[in-house]
Amino acid sequence: MNIADASTAKLRCAHVHRSFRRKNGSMLRAVVDVSLVARPGTVTALVGPDGAGKTTLLRMITALITPDQGSIEVAGLNVVKSPAAVQAMVGYMPQRFGLYEDLTVEENLNLYADLHGVRPGDRAAIYEPLMKMTALAPFMHRLAGRLSGGMKQKLGLACTLVRTPELLVLDEPTVGVDPVSRRELWEIITRLVGDNGLTVLMSTPYLDEADRCDAALVLYEGRVISDGPPKAMRDLAAGRVFRVSPPVGQTPRYMQARLMAQPGIVDAVPEGGQVRCVTATGSQTVNPLANLMPQAAVPRFEDGFMITLPQKPHTDSSANAADHKTPPDKTPVHNSNKNQTSNPAASQDPVVEVHDLVRRFGEFIAVNHVSFTVRRREIFGLLGPNGAGKSTTFRMLCGLLPPTSGTLRVAGVDARRAGAAARQRLGYVAQKFSLYGHLTMAGNLAFFASAYGLHGRKRRERLAWAIEEFGLADYLQILSGAAPGGYKQRLAMACALLHEPELLFLDEPTSGVDPLARREFWQLINTLAECGVTVVVTTHFMEEAEYCDRLIILNNGRILAQGSPAEVRRHATAKGSQPPTMEDAFIAIVEASAAAAGGKA
Amino acid sequence: MNVPIPNPPPPAFASLRRTLALVYKESVQILRDPSSIAISIVLPIVLIVLFGYGLSLDIQQVPIALVVEGSSPAATSLAGSFRLTRYFNPQTVPTLHAAEILLQQRRVLGIVWIRQGFSRDFQARRARVAVLVPGADVNRDRLIQGYATSVIQQWSQQHAGRLGVVWQPGATLESRVWFNDAMRSRLFLVPGVIVLVMTLIGALMTALVVSREWERGTMESLFVTPVRAGEILLGKTIPYFMLGMIGLALCIFSATVLFKVPLIGSVWVLAFASGLYLLVALALGLLISTVAKNQFVAIQVAMLVTFLPAFILSGFIFDLRSMPSFIQAVTFVVPARYYVAILQTIFLAGDVWAVLLPNGAVLLAMAVVLLALTRAKTRKRLL
Amino acid sequence: MNVLLRIIALVLKELATVFKEPRSRMTIIVPPLLQMFVFGYAASFDLHQARFAVWDQDHGPAATQLISDMRASNVFLYAGEVSSPAAVRRCIDNKKVMMVLEIPAEFQRNLTSRGNGRVEAIVDGRNSNTAGTALIYLSSIISEFNNQWRAANHLPRAPVDAVVRAWYNPEFESRWDIVPGLIGLLTLLQMILLTAMSVAREREQGTLDQLLVTPMGPLEIIAGKCVPTLLIGLGQATAALLVARFWFGIPFAGSYGVLYLGLGIFLLASIGVGLFVSTFTATMQQAMLGTFLFMVPFAILSGLTTPITSMPPLVQHITLIDPLRYAVTLIHEVYLQAYGLNGIWPQLWPLMLIAAATLLWSSWAFWRKLN
């Protein structure tokens, strides 16, 4: 970092520290010795998994939290000494932007305009380009609470832009936003920087967004592990990124699981029908992929990030799930199928049949004539942005919400009349952690074992299996609400699998989980599917669709596309040498359906 | 895009505009939130109706059993006196046992037992009339006792001479109850509802509003604007103050028009004093809310330190003078106690400045201290 | 077998949730005990040390005797002498005293010559209940004064005496009346709040969905809410009972078996009301406000502070759906009046009806949401 040109910087942090006292008295070092400079007219990204210290740093920059040590200057003003002046200059959009949901779009804008001292006479001139940019003009009189997730984010951004700030600070502005809105948000940010010379600092869990920034700061456990232009990160992976095709008859995700377990491979993800791999060392040495006919691929920020990330020691047994040394032999109901190298979704036997499903909430149609079938032993994905109807469909499948009309058969039983016996055969992991936070990990396991009627030897066996399989042994006596996020997720999975369900429902299991944990998680799902469990999963990470055997894409309550990942990808056209990604496909599909709707109108 | 950069308005004007914007926002939120309407409009109406129609500490037409043994003229005449008074609704039964059964079944609330040979005993000056009450509802039982005793005394004064018994009654008591000569409890219960309503709107509602902003994340967005902490506070105070005043108008209207409670003092003095108490309640609610930052804790604390004391420790139902001294000491920090004193005085006694000024002064001091404390606790910081 | 296992698991889980979290552990222990103590002392209609002034225009020995009788009682506290109508007005208006006893100039003469002397009490009626109580105390002091006066002057006795006996509370202490009633009031509040909050918490945290996808049926889930709350309620009632019995020293006349049977049914009814509230509420905040909306009318209409017989007939009918009304009566009857099972039956069956209605309704609402 060049401190010399920091004098012109809009933001300068030097050796900032901040710790918090945990409930048990120990100190959590949220931000450790972070230094950062943002030059005018640039976009700086703050990248890192949940709990890396991104939000704490942003709050210190906006004078909401005082640093323990170090100095922060915004446009030459010390944040600690003149917080009010800094807050008047900075535009800040917190993670959950504080929109007043019972005020309309216009009332929200007016409130922030008033607070920032924008004269009523000047407003029309300011609102017009903002509304044009965010496409909110037709919704000026709608309550903010009634907007979709993407529109809320855009309104939040518009509220921070009622006057041009010296520095725009955005905390995860694109999380939970559909790919189309995400792209639009980025267009707005790029334009603001290009036309108005705005300086932007934003945090994001999406690594592909770091690629678009002028500088990227990678935070991990409060420390900066990499700082500089994203190109530096990409260069780190130069010559180490390859794409390999799975042999005929093998799914990419099956191959990916094998590769991930191989030494010398840092990362492997299914992508576009192939597997993208990052090797541990450069191509000069023996390539572990040599016999798979690897094609070199253009490195991305994420590839470098995976190399930079301190490799977690693979001691937890969740990693074992991928090793197949201990296949969860008691889990599955149908593990007679030893032919695991082939596509396990060979069975045509439908487990979930949904036909013409409709769910209304008053006037609003959340799920609009949806039909699909899930076959035994497949991983089935429900993809779509927030508010697309994924969760509503999901809740109906689990029997938590009665459908307005249509038929719904789960494991051969009408889900409306699913009795205790039918529920005994399915497992459910909710979107957010929804176990008893005030019980210990062991207490939760014991409770759900009883809830599923496990007793005697069977109960002991299953509990032992769950503790072993998910590596919970060290955490058993910890209150589950106080456990680290990753372990909460494991506990939720463990509880849902105790009774050996043949059908597992997972609602957004990977949101807010760091890239490493996400990979581990998908490995576990893979294993389960191979052992004969049918998995239905929702996600808003488009690239995760690659792990599914088949998927549907939902938007505004309708199915826009369904089929295998390859079939869905065909909706998009290739860009250059790179095959289209799932996100490209999603955008193409949404735009096509919007065009079709427009054509009809 | 070309965002014009506006000239900054003068600071005082800017501050006023920010405050007004916050007031407008808060008012719109109140109007659009059904739960705030439920607490600030529906519950007060329920309370007024309950207290106005439902509650009364007065005893009238109490069902009692009258056991008259024998049929001497004196006994019949005394029994007649019990029938004539508006306090009792007697039912004559032949034996004490039958009366006891009625009492057990709660068909009557007391027994008056005129024994065999009453006439003879009266002449001999050793007549005894037994008044039996269960003793389970002491307030009611004491009133029954008092009324029964006075019926017997009046009767004996009127009839002693006629029955040839000469006696000197001694000192006789005449009473004048000022401010409420008919001793109707509604006259002090209905104004008391105003305390409850003001506390509800002032403290319970506001205890939720700041913590709600914390929980929904709107506070964080507000903080990173030029807005000052004092303006946020004013933006909360003004709309709820208005809401409280509307509640007050509602209460005064129903008290005087619906329930015919006289308002002897000036309505303006009443409004001013209520405004003071409302400020105290608001400041208390905001302080709880600011410190708690969590709706669950905020409402628990608000219940415990504002609403229950306003109900029990304010002198609204239970007279403070009857409480043990350590409880009385506690009531000195309960703002509602000063307001109840003011309310009962303005409604029933008039503008007695000797009561209004000291109580008002305490409320003013409390308002100033609490608002200052809230202001000090509201910093534009998260931690 | 499985059903029982599942219900036991639910009960243990519920108890662990309540007792492990410091905040909820505190809310079930501290506020009820605190309220028991404060209300036990504060909620009283008795009069102690009520300040009075005297306007004695007679200064005879009889007047002096009457004043000293008043001063000797624990009910009144002598605050001084006044000597003009203006002073009377002032000291009552300013709340310096609550009563002025006016003794006219010819009191002594009338008493000795005609055997009848008039005194006058001027009472502050801003709280008419206190005023009435004060007058009743004053008249019994005067009647005692008269008996003494007649005896001292060898005059014939009064022809008739009223003998008052309060069956179960000979000293007429209103604490005997209110403190046992508080056991019902406090447990009702706790039961509604705990039940409504615990359902709302499961809803908010998503654990209710997690429960519903297990083989447990709505009835099991309801039973899993009722049993632990009932246990907590019995614990709280016992604590309150101990405070009443030993701290306030109110003698217990009845049978503990009968009392606990009655309390158990009352607690079930309260839990039913809590579940009823929870079927309308989605968040903990709404559960809190809902509890409040039910609790205030229940408390006011229970007859604990104001007699039900003094309410208008329509309101008296409304009190029939108030579980607290029956509980307060039932506790009085068993605690003070030693009623047996037969005696409390009229209170018991309405409580059973309320419990059955609310519990069935909640189970139905639960079931309907899923189908």
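Read from first to last, the chains carry the letters A, B and C; within each, the first residue is number 1.
Assume contacts are C-beta pairs under 8 Å (C-beta built on N, C-alpha and C of every residue); 3 or more make two chains touch, one makes a residue touch a chain.
This one's a predicted model, so the numbers in the text were calculated from it and none came from an experiment.
Note: the chain lying farthest from chain C is A, by mean C-alpha position. For the criterion of most C-beta pairs in contact, the winning chain pair is B-C.
Our note on geometry: chain B versus chain C, Cα centroid distance of 15 Å, whole angstroms. Averaging C-alpha coordinates per chain places the centre of chain A 55 Å away from that of chain B.
For chain A, the set of residues touching two or more other chains is empty. Across the interface of their complex, chain A is touched by residues 1-9, 14, 17-18, 20-22, 24-25, 28-29, 32-33, 213, 216-228, 380-383 of chain B.
By the touch criterion given at the top, residues 35, 38-39, 43, 46-47, 50-51, 53-60, 62-63, 78, 104-106, 109, 121-123, 125-143, 145-146, 148-150, 152-153, 156, 160, 163, 165-181, 183-185, 187-188, 208, 295-297, 299-300, 303-304, 308, 312-313, 315, 317-319, 321-324, 326-327, 330, 341, 344-345, 348-349, 352, 354-355 of chain B touch chain C in their complex.
Residue ranges of chain A in contact with chain C, taken from their complex: 395, 398-400, 402, 416-417, 420-421, 423-424, 426-428, 430-439, 443, 446-448, 450-453, 455, 479, 495, 505. Every residue of chain C that touches chain B in the complex is listed here, in rising order: 23, 27, 31, 34-35, 38-39, 41-51, 62, 66, 90, 92-95, 98, 107, 111, 114-133, 135-136, 138-140, 142-143, 145-146, 149-150, 155-170, 172-174, 176-178, 284-286, 288-289, 292-293, 296-297, 300-301, 303, 305-307, 309-312, 314-315, 318, 329, 332-333, 336-337, 343, 346. Listed in rising order, the residues of chain C touching chain A in the complex are 2, 5-6, 8-10, 12-13, 16-17, 20-21, 205-207, 209-217, 369-371.
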